[in-house]
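Beneath this line is the structure, given in structure tokens, with notes to follow.
Order of writing sets the chain letters: A, B, C and D. Residues in each chain are counted from 1.
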Amino acid sequence: MIHLARLAIATVALIFAGGPATAQTSQTSGGPVDPALINRYLMSRSLAPILVTASDIMEYDLDSNPIDPQDRRSVIERFIHGEIYKLRPDVKAVIHSHSPAVIPFGITQVSMRPVIHVASFLWVGVPVWDSRDAQDPASAAMLVRNSALGKSLASTLGDKRVALMRGHGNVVVGPNVQMAVRYAIYTEVNARLQAAAIAIGGPINYISAEEGAARDRAPTDFARAWELWKKKALGK
Amino acid sequence: MIHLARLAIATVALIFAGGPATAQTSQTSGGPVDPALINRYLMSRSLAPILVTASDIMEYDLDSNPIDPQDRRSVIERFIHGEIYKLRPDVKAVIHSHSPAVIPFGITQVSMRPVIHVASFLWVGVPVWDSRDAQDPASAAMLVRNSALGKSLASTLGDKRVALMRGHGNVVVGPNVQMAVRYAIYTEVNARLQAAAIAIGGPINYISAEEGAARDRAPTDFARAWELWKKKALGK
Amino acid sequence: MIHLARLAIATVALIFAGGPATAQTSQTSGGPVDPALINRYLMSRSLAPILVTASDIMEYDLDSNPIDPQDRRSVIERFIHGEIYKLRPDVKAVIHSHSPAVIPFGITQVSMRPVIHVASFLWVGVPVWDSRDAQDPASAAMLVRNSALGKSLASTLGDKRVALMRGHGNVVVGPNVQMAVRYAIYTEVNARLQAAAIAIGGPINYISAEEGAARDRAPTDFARAWELWKKKALGK
Amino acid sequence: MIHLARLAIATVALIFAGGPATAQTSQTSGGPVDPALINRYLMSRSLAPILVTASDIMEYDLDSNPIDPQDRRSVIERFIHGEIYKLRPDVKAVIHSHSPAVIPFGITQVSMRPVIHVASFLWVGVPVWDSRDAQDPASAAMLVRNSALGKSLASTLGDKRVALMRGHGNVVVGPNVQMAVRYAIYTEVNARLQAAAIAIGGPINYISAEEGAARDRAPTDFARAWELWKKKALGK
């Protein structure tokens, strides 16, 4: 049921708190710092995700300034990541994608709600962000190309796991890469199934808040899907 | 018309009556026993189906206790299989899957009914099970993680071939592996076609009970599809 | 736009008039005969089409009796082919398939009509056959397993190019293999597009009878698609 | 989100102004000429696009006469390209395709409008051309097989980027190959998403004219997608 290839992951960024990652050897890339003052995040340079290799990974401060660009072009919309990391200390991974089945829910009046147990995490709600909400002069171009737009999106996301970006895509956050990827994949799956149920017609028996909360507390047998996703991603 | 790759077979279990399988050499795995008293079933450890090999197959008693676990992790929802085998002596293979086109029929008010001859076996009806029906404290997590939930699902299945699991997937049973696989694949095909017919609109000319019963009695030229499915499954 | 792999060609049969094909060397397979009295057709034994090789091709008389079976199992529904060849001397190739997008049009009240120029040949109408129309004791099993059922289907097809078989599939005929394949593929394409147009809503601007007839008379640049289809079919 | 394989690019033609391309060595293919008087365009001979190699590329004048045919068969509908080049000096690349998700919008009453930022270029409008508008005796065959039909289509396109061809496909133009390909791919993506949003129901929050115009003026990080598309196209 998982069509990883159909999930266009536009950008994935990981935060690391408390100083540079151990793999970071460049002097210009920061030394030991006060974690309370400085945080950094990692993100690929502007490149189709399927083509990314280790040397394409760049380091940014939370204002989304590259630490050591080395002529690598930064992703325009990196402010999505920086501003969410600022607002949400619990978040350690942010995925922005143009998840195809999700996009229609950002431009219609029907809210995304969980219809399958593996997407029960959506029970907390899925807000929709419209770039025009930011009241920023750059809004009309629909790209999160500055901090003001990033802040506006982060504020719409609030304490949720997923926010839709009207006419654009979505953003998914998690406490680690595995969870964020899981949320992103199952958000796409849920959108396909919810749309199919709507097409069949009649009232839909959504996953309830009680069920969503119960599943949030339950342990998850997550390794099974993760191993398969990794295999597929590396096999391509 | 068969997209095997789109049918996410979560777990497949086979029952064998009357003592251990001949391939079972471990002493702890039971000796000759009274078939009337003890039955066993086989099922893979918790692993993506596409990755399963012979050494991943485990043996369970009908209470879904592993006979010889050897540090292999059991599938949480094995109780689906054990409890159905208890209730249905005619069943020798159980498939639980997250069959994508089928899931929407578990959360809407439209019953699955056969629309194509190869799925005529659905004419006996396709009940929908909601984990909350079980009135079990573990219900809200939506997984069949104990015998009580398994019994509740088995009871909803009754004497049918397929039961939908609301917001989760379905369970399909058969007198042998070939028939269960056939039922599972054509249930998915039927769901796609029924949804497409509903989208076109107007009353649908379903397969009638008379036709379903006639086809149940008719011999089936089944080998043709089975050989192709096996080829595809092994080729991946 | 052509997804050959999604077109499950169940059976393809070719007629040859005026005696056995030159490749037919067996003595039991008939000698020079009066073409007016005896006709034969060729068809694979019961085997998934993708697995068929030359030695699987069998010869049948128009009553669908195998001429030289050699322990090869005949397709149950060969009567589709024999009875259409009897009724339609202009037809030299018959395709029976479970063309997935087409099936819903056989069970709803919406007629298939051409929506794309390459399927303009549908302008003559697409009748729907229900096996129960045949009033044959074997009708309820929904398979064309005898001459009476084949005659009934052939009569519904009449002088058309395509007939839908309710809850089953369709049959497509042509003056040669290339045209029949072309009709079969574009019938599937048309069904997908017509269903998509219906889902979008509002009245549909169908291909008119005048356009259909004009295109029937116009020469076709057919080789381009045929070469590609052959490449795909052989490459798999 | 890009399924290049589903976009059946029927014909692609490129214009070059001011004399023959440097790769053009044949004497008959023109020498230095007055760019104001003579223009030429390049286009493959009649061949499935996926099979085209360098020697299949032919040169045409703006009346769509081949300059040096060498027994190569010309695409019947080359007049689409010639007549658009005549009318639109800003256009340097024309794509005609049977883009599957787009076709239903050419036969229903719902206009294509942009629903995703990457297709914001559709904000200027997407006219629909019906071959019968041309009032040409050849209209009914639905192919642009002469200059009159090409002129009629070009006139419907006007100053737009995309025009739908009822019951046939669409035509997409750009100032260079990269932009035309980008427009063609995202027109297909937009059609899929718009149809999905319509199926979900309710009023749709389309990309506004203000947003479309703002994005027309904004710089585009286009190289990322282009590199990936090229890789996919060459890898097949």
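The criterion applied here is as follows: contacts are C-beta pairs under 8 Å (C-beta built on N, C-alpha and C of every residue); 3 or more make two chains touch, one makes a residue touch a chain.
What you are looking at is a predicted structure, and each value in this text was computed from that prediction instead of being measured.
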- Query: Can you list every chain that touches chain A and also touches chain D?
  - Reply: none
- Message: Suppose chain centres are the mean of their C-alpha atoms. Which chain sits farthest from chain A?
- Response: C
- Check the residue numbers that chain C and chain D use where they touch, and answer same if over half are used by both copies, otherwise different. different
- So, what's the distance in Å between the C-alpha centres of chain D and chain C? 35
- Approximately how many whole Å separate the CA-defined centres of chain A and chain C? 49
- Note on the structure: Where chain D touches two or more other chains at once, the residues are 199
- Line, ring, star, complete or other: which one describes how these chains touch? ring
- Touching pairs among all chains present in the structure: A-B, A-D, B-C, C-D
- Message: Can you tell me which positions in chain A touch chain B when the two form their complex?
- Response: 1-2, 114-118, 120, 189, 192-193, 196-197, 199-207, 210-211, 213-215, 218, 221, 224-225, 227-228, 231
- Touching residues on chain C, where the partner in the complex is chain B: 6, 8, 46-48, 50-51, 73, 76, 98, 100-101, 103-110, 130, 140-143, 166-168, 195, 198-199
